[in-house]
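Shared between the two complexes below is chain A, which pairs with chain B and chain C, respectively.
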Partner chain A sequence: MVSLNNLNRKLLGQSLKSRSARAGFLFVFPAVSMMLLFLVTPVILAFSLGFTNAKFASPTEPSFIGIENFTEMLSLGQVSVEADPNDENVAYDNLRTYTKPSNASPYAGMQILSESYSADGTQANFTVAGDALFWKSLFNTLVFAAVIAPLQGGLALALALLINSKIRGKVFFRTVYFIPVVTSMVVVSILWIFFYQKDGLANVILDALIPGFEPVSFLTSPDLALPAIIFMSAWQAVGFHMIIWLAGLQTIPAELYEAARVDGANSWQQFRAVTWPGLRTTFVFVLIIISIQAMGVFTQINVMTQGGPLDSTTTFVFHIFREGFRKNDIGYSSALAIVFFVIVVTISAIQRRLTRDKD
Partner chain B sequence: MIKTTRVLLAASLAGVLAITGCAPATNTGEPVKVSMWSHAAGNDQEIATVKEAITDFNASQTSYEVVLEEFPQESYNDSIAAAAASNSLPCIIDVDGPIMPNWAWSGYMQPLQISSTLEESLIAGAKGYYNGELYSAGAWDAALGMLVRKSTLEKVGARIPTVSEPWTLAEFDGLLKAVDATGDYDYAIDWGNGWTGEWYPYAYSPIMQSFGGDLINRDTFESADGAINSDKSVAFGNWFGSTFAKGYANAAQTGDRTEFIAGTIGIQYNGNWAVKDALEALGDDLLIVPPPNFGSGPKIGAGSWQFGVSSTCENAEGANQFIEFILQDKYIVAFANRIGLIPATAAAAAEVPNYAPGGPFAIFVELSNQFSVLRPPTPAYLKISTIYEKAVADIINGANAKQALDAAADEIDADLADNKFYK
Partner chain C sequence: MKKKFSLGLTIQYGFAIFFMLLFSLPLLFMISSSFKDPQAIFADVKSWRAFFPVGDVNFDQYLGVFDRLPLWQFLFNSIFISAVVVLLGLFVNSLAGYAIARLKFKGQNIILVGLIATLVIPFETIAMPLLVLVNSLPRVGFENGSFELTTGWLNTYLVQIAPFIAWGFSIFLFVQYFKTIPKELDEAALIDGASFFSIYWRIIVPLAGPAFATSAILSFLAIWNAYLWPVMVVQTEALRTVQVGLDYFWASTSEEGTQWGEIMAYSTLITVPIIIVFVIFQRSFVASVASSGVKG
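Entry: the complex of A and B
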């Protein structure tokens, strides 16, 4: 009897186990198959295409070219040439004798990345690159991420703290701050194009705030276009991160605040000693999410500036897009994507390492 | 042996029955669907005419049913490229004239099979040939001109130019300066730089050609060095950039281009499709004048949107039938009347009052006949177009013209070599 019971239990347990395993497999199947199809497959494709000269639309078959894409992308050089302080074209014309593709020179076909002049203006130093836009877009993307992480994260925290306090109309404000998040980025970008025009809202507001303000056209100024897009992007997604901060705030037990108040802590001290330590995990999450999202910035660039003026807003993903889809150079753009992948993973890993010990 | 033969016989008989049984079924049953993509989403008048032709065509016969999908122009070419990559091109496509050689070379398209009488009746700007074969045919051509108010010219004391005596560079420069100096306008001229994409080479490379430059060496189509960065091309770049640097034109010009009609911009460089609205708003005060002669005579771009058949189309016969159908004079007239484009046949032009001699649009026929230049008919054009667009955009934003055009030449030549000169 006993042994039969045991056996029964064993059988029941086994079949339950295998049945739940099957159910489990069925449950994850849609997600796993989608991941395989839309994430793993493209990654494998990109990794293999990066070592070919594949074209997006071309009757010629792609061929394996090894690391040629990468050497072109990463090549850099320094060229010093004579310059004439009275004629800015002289330095360029001298440089051109090195960079013209038909010339026999190690710098043939390379593009100007930056230039500087000696104090007396008789010598010019050019930094040339196989793909100047690679370095420019990398720089722009890093600037974008470095500025937007504290800006957006901080703003979102401030909003979350405001909303978390006991005020009337909390739901109303929460909704208002969240509306841009659920609005399509394309729509938001188009609206902000108008805001940023010379006679647009941004200039009207600045004019009212600053006496004697000269209206500027933000998106056609190489100095202002990127800051303008950073500001707009921070505003657009701030509501999302606000909600995450808010969730974090609500996990902090009210007793801690009560205890702090009994100890005579003012609001700043409460924030320092109770709120901020309680938000540690939320902070790590928000930081990494914002960084990864910022590294992939694309939509607003494509809609608002197309990477211009003078490449000042060309971001890494936009560069990948333009090489691949505008110039049909899928091989090269896959190589760019591989490098981008490595950069993003590295940055995320560094962030994890810096924040891990304190978790 | 006998058994096998019998089986084969039975099978082939069944096949014959199936075929013959099928043939009447297509006539009485469901018509075959022929998919079509159009770039004209949002362009109400144009798409309405296309839809009208589709409805009429579907009603006129029972074998085929054309099904339309609309795309905004900005993303149309990308959509075609993506569809080709995933082997899901529609049957009938429309294609911008200068892009056609690339699509034909890429294997997106097959040559048209339309009647030779129709082919002969179409004007040159409405037909696209690649390797000597007709790949695309359209209902119209477009032409560019300068739109200006008579009152503006009178105020600054400028003469009204004619086709035989257009403005010179010096005259035009003076005019921009004078219009700017009146203080009546935010900007003297709207070049249309708010429109991105193909507009840049379409609108600005003819000006560069008028300066004496060009996009590529047209004798071989194997090098852009010495053409796009020649002294004359650079002269164009310097001058064109200066109109922005001096504040005559707005680098931040938006794409809606309503300022000219609203009266805040003095001169507008635009196509015949824009004239209808301007004419309604300004009436007699509106002048359409030829673009200036910058040295090598006035030049305007030729070749507009045309219809073609994709290489993967399984019902090419139906597709060709529809293209013949939509290129009937009655639709050509409708396109011309509604969107103001130059009718593709002489017979249709005679039926369009605006294009009859003395009509308000008649000048465009003259401009098209005398000044039109084709963008380089080479598969490399797709890249040339993208690269040139960026160079001109950089020049508008203050880049050194020589450096921007040198960079464009390098990039085009690298691409040509990369693609084995598109042979």
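Entry: the complex of A and C
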């Protein structure tokens, strides 16, 4: 009787196993097949198109060109030419004898990345690059990320501590701080274009705060456009990271604070000894997602400045977009995307390593 | 008993109110300006009046923008696309999450590892190759009263919907949540002869409200606010979402003098409903964002 029961169970178990296997396969099939098509295939495509000269919707078949896209992207050179302090065109004309695309020179087709002149103005030193915008956009994006990560992360933490303190109306304040997050970046960008105009709100406020302030048009100034966009971006997204900090704060046991208070710790000491160590994993997470989001900055740029003035707000993803979408150069754009992917993964790996517990 | 005056607390309230103004005034400005003529917007900018609907308040800007643009069409497009992505996404991703969390089948672990790996791929990396891909996919088109097979998904609803249904993050969220539901419930149902699908549908889904809310909110916000992809794949005006429509409207009028009043009306119209929904469900919104952090 007992063995029969066991046999029954075994049979039942086996059919259950195969039913489970079939159902499992069936249930993951829609999601997995869609992800293979829309995510994995494009990744493979990116890595293959990056080594071709593919053009979007072009009748000619793309051909394999090896690492040519990457050598063009990364190539740099130094050129020194004679210059005339009284005529700035002389230096450019001399440079052009090297960089004319039809030339046999190793600098043929390269663009000016930066220039400097000797003290007496008779010699010009040019740094030229195969794709000057690659370096400029990389630089702008790294500046954007390096500024916004501490700014937005720190402000978000300050807001979280404020909400987590003894003040009344926490839910109200938290809700208000979060509202920009649910407002779309397109709306926010256009709204702030208005604020950043010469007769806009930002100038009115600065004028009231600083005596003798000269109104400026933020988004048409090569020096101010990127900082202005950074400030606006932090304003829009800070509420999101405030919530993540808050979730982290709430995992810290109240007993730890009590113990610290018993030991006579003041607020700052409590923060140093209890709060900050307790926020370690949250810190890593906030740092990494702000950095990754910052590296991908695009919408504000495309809406507000189109990368200008003088390429001062051209970011990496904007460059990828312009090469691929506007100029139809899918091959080169994919090569840029591969580099972008490598940079993003590297940055988050470095951050993870630097912030890892030392034990 | 007299309440003690606390300097610390006063400073905290000071900061709290400062930030409240910093985050709300720009949006109050947007809403107030949508009821004013452009001249009034610029006239009010130098005073507190900028942030309140005062003076000659009217609906002209709203009437004007509906007159100028197919805004109802844009709204329909955005709502339709977001709704389909969210609903199909919830079903497809939770079903996959159920299989991974509760069933035993070959390749299960590889799929889970693969899913987590997909989370590190920024969309910006694949946008361009995805454009090449969808441009070469076959499509059944309905033209001149008959169906025909064409190539290329550009300028369709499909291209704005299909790539975003399956979402690794959402599946992962469901896997995590489903693991917290007691296994005994499934086993009891199995003994009663229930199919795996009916266990998913009748037992698991009703118990996983918070996971569904989180997934729905995060994917809704992402799709409603999407910009890069819709800009790339849709040129036809009739298929634009509200975000892309606003960008085109702004770009097309910035030459001949921007219609700031109408732009504020448009912006208010697509922002305030979302803010109202957020305020009503703010607990769920906050929980969603918080869980995106805990799981990361």
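Everything below uses one rule, namely that the second predicted complex is superposed on the first by the 322 of 359 C-alpha atoms of A that agree within 3 Å, B and C clash if a C-alpha of one lies under 4 Å from a C-alpha of the other, contacts with A are read in each partner's own complex, and residues count from 1 in each chain.
The rule is simple: contacts are C-beta pairs under 8 Å (C-beta built on N, C-alpha and C of every residue); 3 or more make two chains touch, one makes a residue touch a chain.
Owing to the predicted nature of the structure, the values given are computational and were not obtained by experimental measurement.
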Overlaying on chain A: chain B and chain C, fit or clash? clash
One more residue to check, A:Ala57. First (chain B), second (chain C), both or neither? both
Have a look at where A:Phe173 lands relative to chain B and chain C in the superposition and call it first, second, both or neither. second
Specify the partner with more touching residues on chain A, choosing between chain B and chain C. C
Using the superposition on chain A described above, determine whether A:Leu219 touches chain B (first), chain C (second), both, or neither. first
Looking at the overlay, does A:Leu206 come into contact with chain B only (first), chain C only (second), both, or neither? neither
Should A:Gly308 be classified as contacting the first partner (chain B), the second (chain C), both, or neither? first
Could you say whether A:Asn89 touches chain B, chain C, both of them, or neither, answering first, second, both or neither? first
Who does A:Ala146 touch here: chain B (first), chain C (second), both, or neither? neither
Should A:Phe27 be classified as contacting the first partner (chain B), the second (chain C), both, or neither? second
Give one of first, second, both or neither to describe whether A:Phe340 is in contact with chain B, with chain C, with both, or with none. second
Quick one: from 95-103, 113-121, 149-157 or 185-193, give me the piece of chain C that collides with chain B in the overlay. 149-157
If you lay the two complexes on top of each other, which residues of chain A touch chain B in one and chain C in the other? 56-57, 193, 325
In their complex, what parts of chain A are in touch with chain B? 53, 55-60, 89, 92, 96, 99-102, 109, 111-112, 193, 197-198, 217, 219-220, 222, 306, 308-311, 325-328
What does chain A use to touch chain C in their complex? 16-17, 19-28, 30-32, 34-35, 37-43, 45-46, 49, 54, 56-57, 158-159, 162, 165-167, 169, 171, 173-187, 190-195, 199-201, 204, 235, 239-240, 243-244, 246-248, 267, 282, 285-286, 288-289, 292, 295-296, 298-299, 302-303, 317, 320-321, 324-325, 330, 333-334, 337-338, 340-341, 344-345, 348
Residue numbers of chain B touching chain A in their complex, please. 78, 81-82, 84-85, 102, 105-108, 196, 225, 250-252, 254, 382-383, 386-387, 393-394, 397-400, 402-403, 406-407, 410, 413-415, 418-420
Partner chain A, residues of chain C touching it in the complex: 8-9, 12-13, 15-16, 19-20, 22-24, 26-27, 29-30, 42, 45-46, 50, 92-93, 95-96, 98-100, 103-106, 108, 111, 115, 118, 120-133, 135, 162-163, 165-166, 168, 171, 190, 195-197, 200, 221, 224-225, 227-228, 231-232, 243-244, 246-247, 250, 260, 263, 267, 270-271, 274-275, 278-279, 282, 285-286, 289-294, 296
